[in-house]
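Each chain carries a letter (A, B, C and D) given by its place in the written order, and its residues are counted from 1.
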Amino acid sequence: MPRLLLPIAPWPFAELGILHHAQLGENRCLSITLSTMSAILALVPIRAGVLPSGGAEVVAEAQGRALLVGEGATEAAEALAGIATHLRAWETPGFAPGEWANRLAPVLRDEAVVLLPASPDGRDLAPRIAAVLERPLLAGAMEIRPGSVSTIRYGGRVLSEHLVNGSVVVTLQPGVRGVEHAHGSAAALEFITPPLAEAAVRDATLEELLPPDVSTMDLSEAPRILGGGAGLDSVERFEQLAQVAALLQASAGATRVITDRGWIAHTRQIGTTGVVVDPRLYIAFGISGAVQHTAGLGQPDHIISINMDEHCPMMDLADLALVADANETLQVLQQRLLALEDSQRTAQV
Amino acid sequence: MTEQMIWTPLQLGPVTVSNRIVFSAHLTNYAEGGLPTEQHAAYYAERAKGGAGLIITEEHSTHPTDWPYEKLIHGFNREVIPGYRRITDAVHRHRVPIFAQINHNGGQASSMYSRLPVWAPSAVADPLFREVPKAVNAAEIAEIVASYALVAGHCVEGGFDGVELQCSHSSIVRGFLSPATNLRTDEYGGSLTNRARILIEIVAAVRAEIGPELALGVRLCGDELIEGGTRIDEAVEVAKMVEATGHVDYINTSIGVATASLFMIEASMHIPPGYAMFIPAAVRAAVDLPVVGVGRFKDPLQAERALSEGLCDLVGVVRGQIADPDFVRKAKAGFTDDTRLCLSCNQECVGRMGLNRWLGCIENPRTGRESLGVGTPQPVTVGRKVLVVGAGPAGMQAAIAAARNGHHVTVCEREAAAGGQVRLAASVPNRVEFGDLVRNQLNECGRLGVEFEYGVTVTAQEVGRRGADSVVIATGARPSTPYWMPEDLAGGSGWIVDVRDVLSGKAQPTGKVLVIDEIGFHHATSVGELLADRGCEVEIITPGMVVGQDLGITLDMENWWIRAGSKGILQTTNSGVMGIEGHTVQLQHHPTGTQLTREPDWLVLALPADPVDELYFELKAAGVDVYRAGDAVAPRRAHSAVIEGERVGAAITSADRTLAIR
Amino acid sequence: MNPADLNPAGLNPAGINLVACVKWAELRPEIDPLHGSVEASQRSSGFSSSDFAAVESALRLAQAWSDQGQTCGVTVLCAGPEGAEDSLRDFFAVGATRVVRVHLAEQRSSAQVAELLASALMPSQLNAQFVICGDVSSDRGSGSVPAYLAHHLGMQQALGLIGLESTDPGSLHATRRLDGGRRERLLLMTAAVISVEGSVATLRRSSLAATLAAKQKTVEVRKQQIDWPTEVNRLRPWRPRARVLAPPAGDDALSRILELTGAQSGSTAARTLRLDPEQAAEAVLEQLAAWGYLDDSLPT
Amino acid sequence: MPDFDVIVVGAGPAGAAAALEAARAGRSVCLLERGPYPGSKNMYGGVIYGRVLDTLIPNWWEEAPIQRWVTRRSTMLMAGDQAVTVDYRCSSWGEAPYNGATAFRPEFDAWLASKAEAAGAVLICSTTATGLLRDGTRVVGVRTDRPDGDLTAQVVICCDGVNSFLAKEAGLYPPSDPANYTLGVKETILLPREVIDERFAVRGDHGVDIEILGCTGEVPGGGFLYTNAESLAVGLVLSLPKLAACGRRPEEMLAELKAHSAIAPLIEGGQVKEYSAHVIPEAGYKMMPELIGDGILVAGDAAAMCLAAGIWLEGVNFAIGSGAAAGQAAARAVQRRDTSSAGLQDYRRRLDSNFVMSDHRKLREAPHLVMSDLAQQQLPRIACGVMEQLFTVTNPDPKPGLRKIIRGQMKLNNLKLRDAISQGMKALRTFG
């Protein structure tokens, strides 16, 4: 086989190109090259208005063209503001991979690349779609380039580069792409209802959707976080922080001062040398807001800071800055929340 | 987060690096007579031993017209080769590859040392050197290209594994690339292709000289941060051209121009971490060559994150490894916490370069003195009981040096925590990293088994009671009382207070505050900022030509000006306090003798301090084996405290010399 | 279950056939980080903990349903090379009634593997009512084989399970992991394909007698003509995807410097209140209520 | 009817050899191994002496998985920052029939066990023998950790390595004395093949074996450095009780050896791949148990047939030799239908007639000698001291005479001529 040497060949596209020509005859797929391909569509399974992990990434990768499937499309579309440009949605309850694949097939047939996130739902839906459309599935991709898709192998230690010269279904590994933080308004949403498929497929029956356990959940995924800093006075106070957090369905984090002291596990440290988080709500108790801490804070929608020092950076960042003793405030909060919970419980009974 | 990417080897053309941490190029001022020295070899070898994946030496000049500072290595002189060999042999012993950075500084230089006109693409004077260069002609361009090849040849002979072309922040190539300094109308000016022509020619010439066995890298600037200069889009285009030559194995990146925006290259702690990462990220998205990202990386986790997020393929850690040569080794062994984190203070590394002194580090007395064996353990046969008074930087370093040699050390500190004045200095906005000095020393003390007792004010009786063999006095400094201080206000209880009183919370100024800066460093400026943040109306007055004079050396000046401006801090120079009358401060503008007055609510003083040395003299008189270090000798800065502590601690000898065998 | 109840082919048409699919894979591959090449060795190949969990889950379900009077058989099915046979044989020792290997000498795409397996699972063949797979393989890690199987066999699917409870013979409750820490509970009836995480069950230890006896058993081997093209792919070392960070936008140098250094930033708090702790806690709760954090029970 | 004729516990070199020989003789054999495969957990220094294999597996060198053939053996005496090395090279050791080789145990043991399997032995891995089954005093099988895990046989051969609790359970061991044990610690350090070739001045598949005395401070012991194909093995052997008494950590002492100026340049820049530790029966002949009981034999490390005192590290060859003998003896006893202690005495005869016992008997004082103060402390210091004085040029002072130097060094190190001579005689007797 002749070897074509480009002046630079860090990735072996040139060689692969030849390989691929050699294989062309055996390939069963329609020949559309990705570089000229018109259509890449993100197919995003949603639940209760929430995007799956990697949901925004696939939409960005598909240059904004997306089809949302599941419950709560309007809400999910908001989370895609500035990312999605062309949005369609099929409102349908639960998660029914078999039925969805069958009914979506006609809608997807003309898309050269159907891209799903490799989230639990995306991962399980993609093979069904690929099977119905009778095209290859490239699962757990890192990147889609013209003519090739690289997928992740051996737990992220190796990349497998696939030449693509036909229509494919791809799942994108969440987190590998990232999304530029975009501002903008939500794209217009066009609702569709794919026709019923001829052949009925059986899917499992959903009995119950269980909420996450905030106390053990990975901080980087937590939507609500209560952070504690050197302003909190003891290990016990951090137990209290964790309790209050749990009552608010939030996770607890801390600054390096605290993790250095061993008051809370290192995995709970927020910041450049800890976990980078991106909650919607952040409540800071006795945190000064050093840049090493705030650099790992993401972009919360809402911040409350409780601190004795009115002028520290954390107070400046806050939507609500309370000049108060964080320890006692926490104490009172705990009492109030427990009381609230009790009253709710009795109300229910 | 566990590190993973950072430990993955990578191929840079013919060279394999075993991890992703690069000791990127930087001046050291270790050269003598234009030649590399033993100190160079020892310095780089120490970092190689510490596990750096790749070492890139400081720049070597390619041509006699390039001699901007005294201690530059004259790569064009064949006599450098034995010195090169010494460096590469020393580094190769640790199986770490080493590249040479070669460069011509172009117009960013002066003719002072070379006594030759400075060469540049166009006759545009550099803002720092303020010297109009000679615009080179075609023959001279060819000569420059040839000079790169010549020096690259020396590097091959000298045993280097690769060559890096510094085309980034202080270079004639940068001069050509930048529309701000290249006004040519020939084929070397105008379009980007033309401006990049010399770079492409140099790349070809150097590759031809070094052959396929050595790696070739190009360091590019992503944003010069000067008016009309190179910006990221063009930098990315240049990177693509460089890749297209097929001769280059990796791209290093940088930001700013050494003579106009140096403070952005060697960013101090006021600049957020990761500030320059948009550059390698953009380059990496456009080319497939491995890309190095640099700038304020001090922690392996931070490096891991940049690598795994795909912002770069290698991370340059310069000051991090100046401060701790074992940066990589410690991280790899899982002792990240033991790393002596760089403070990004710029005091003894960058700061000394501008002063034409050899490179050191505020917290590592060994840096720059590796070849002399400073900091090498000299175990004593029989350890002494050593009592250190004061847990400031001087006391803790003395404890470290003594414990390292096998003495039994106890540190007594009056306060409830270690750190002395450093704790105060680090308590202002954006200067927390200075406090890592204390954290690092405490960590090291912990590893060496030094014992600490807090809340103990040591007196002569206390020393007697404890019966230590040797005592180190590191009691620091206290505010001085200026001659003009009204007697009833001395002691910092009234409206006239020291910066330390403000930082410790003893005084809480409000309203109109006048800060006097007679030290010319962070003392006045940082407290001024703190008070402005608290809503005070702040004016800083100094007898010097500028407020915070030495901030220039540490590259903090530019940002200080920006922040002072935005916080409404007033700066008045060339004026000193003459006296106080009631609540009126009498000042004199000394160049003109003009009298000024101010009536502030508070007067905050940053003045040269007094040593706390009474205990020392008392013990000395009593015949105790006593030493003194740091501000207690003469109030200066933290670096003096650290090196004195080191010297004193290392000087404590074995308890019983007669037992020493060899 | 009593092998004597089964017909000569090892199957009881009236009973429930559980099939555990296991993948012979490189468990601790030596990967050359420079070139991405994977060095496989017989000794580091084996079945993953999730595959073992699949077999154990099948055995437990079979046991539970047998106890309720249902005839159940457990078959272990593997598409793999001959080298897998020694280890496959061990499944006899833990109680598998049949062990079948579909011959597959090289790495194939998940779709192709699924096709091979599906043809072995068809009613005319193994006639599987429940197919239990491991969650993801250690090499490919796509977890897509079971979904393909569900498609080919027209079965229900529930993948990535972290919990499994049997109820009546032929139906089970499964807990499936979703993202963001959420989970769902599903009800499955014959016929279904499920995949389980390794934490679901640990494979039992076989008795010594069974271990010795298993040495004498034979793994059924099926050879199938495969004429599909091999995957056109090439391994290279992991290199994270390039990610672009927004560069400073300002046109003049100073504004870009300001953007990079943040020297002038320092927003001020939208609302600052000096309060005693009682009031402060109250203020926090009021604010949270106003933002809508206190009413919904599911954080989003 | 027992399940097997012979059960061999432990698929190390001893067990594999025993199973091989017994199976070859036509007996039904079960080879039990607790690891997932033979050799999976076994560690040692790194050199195997292959002569013993000649009869067992003809032309073994053509197929055995080895790293390098040892063609260079050095003995190094260390004191302070000094070292004296005696270096021996022999290129014929690099050709068939070879002498010693470095090898990885997971590869070597698995290979040897596969030979036994090929001969008909049934290998059962991931199975630990937890006790003996007895009928009166007679051993009739083993209990394993598997459900229903009893297994019966006419003869059980214990090859379960050092601290064999099966042999102890059978009452074959006297109460154990910690002084008879040493601790081996080892690091595997990765270096490219070319670098090893260059640093150790060897080519191709030739390798080096360095034994070191005087590198263990106050703890009696020794050190070693072996070359594998693309890695080095550096380790220490340390007297267990003395190690415990001195309160130092073995990895710390190993770090010290690695930093020594005679070793550091050899390993510089290498990456540590793994650290492991293992106990070794050091006292050899003197601590050997009863080797034969009713229905039971003990071989290899389980029978303390290991020479591992300080610089001495031979065990695999003894393990194979004794294992093979046990296998043969067991097969014969089964065939003759007398597997009582008396019927198994053939094992003893076989051992006595080959190198296993004669070496051990001859060298029975060796561990003691090598671990003595003289060898550990005085000898290295004197050797280094003598060299230092001999080679330090003291002009204009005249050179001292060699005899004077030696006497001076002996005095400095508190060695009396009388003791030196008596120890020397003892050494001659021991090794002669």
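What we mean here is this: contacts are C-beta pairs under 8 Å (C-beta built on N, C-alpha and C of every residue); 3 or more make two chains touch, one makes a residue touch a chain.
Everything numeric in this text was worked out from a predicted model, so none of it was measured.
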Where the centre means the average of the CA atoms, what chain is farthest from chain A? D
If I count C-beta pairs in contact for every pair of chains, which pair wins? A-C
Using mean CA coordinates as chain centres, what's the gap between chain C and chain D in Å? 45
Rounded to the nearest whole Å, what is the centre-to-centre distance of chain B and chain D, using the mean of the C-alpha atoms as each centre? 54
Whole-angstrom distance, CA centroid of chain B to CA centroid of chain C, is 51
Check: chain B positions touching at least 2 other chains come out as 272, 309-310, 533
Where in chain C do residues touch two or more of the other chains? 33, 237-241, 243-244, 246, 266
Contacts with two or more other chains occur in chain A at residues 11, 176, 178, 310, 313
Taking all chains into account, which pairs touch? A-B, A-C, B-C, B-D, C-D
Given the complex with chain B, which residues does chain D contribute to the contact? 80, 195, 265, 268-271
Chain B contact footprint on chain A (complex, rising order): 6-8, 10-11, 176, 178, 260, 272-276, 290-292, 295, 310-313
Looking at the complex, which residues from chain B come into contact with chain D? 18, 93-96, 662
Any idea which chain B residues touch chain C in the complex? 5, 8-11, 16, 222-227, 229, 231-232, 261, 264, 270-272, 275-279, 281-282, 284-285, 307-311, 313, 533, 558-559, 562-563, 566
Over in the complex, which chain B residues touch chain A? Could you list them? 1, 243-246, 272-274, 288-289, 299, 301-302, 305, 309-310, 429-430, 432, 439, 533-535
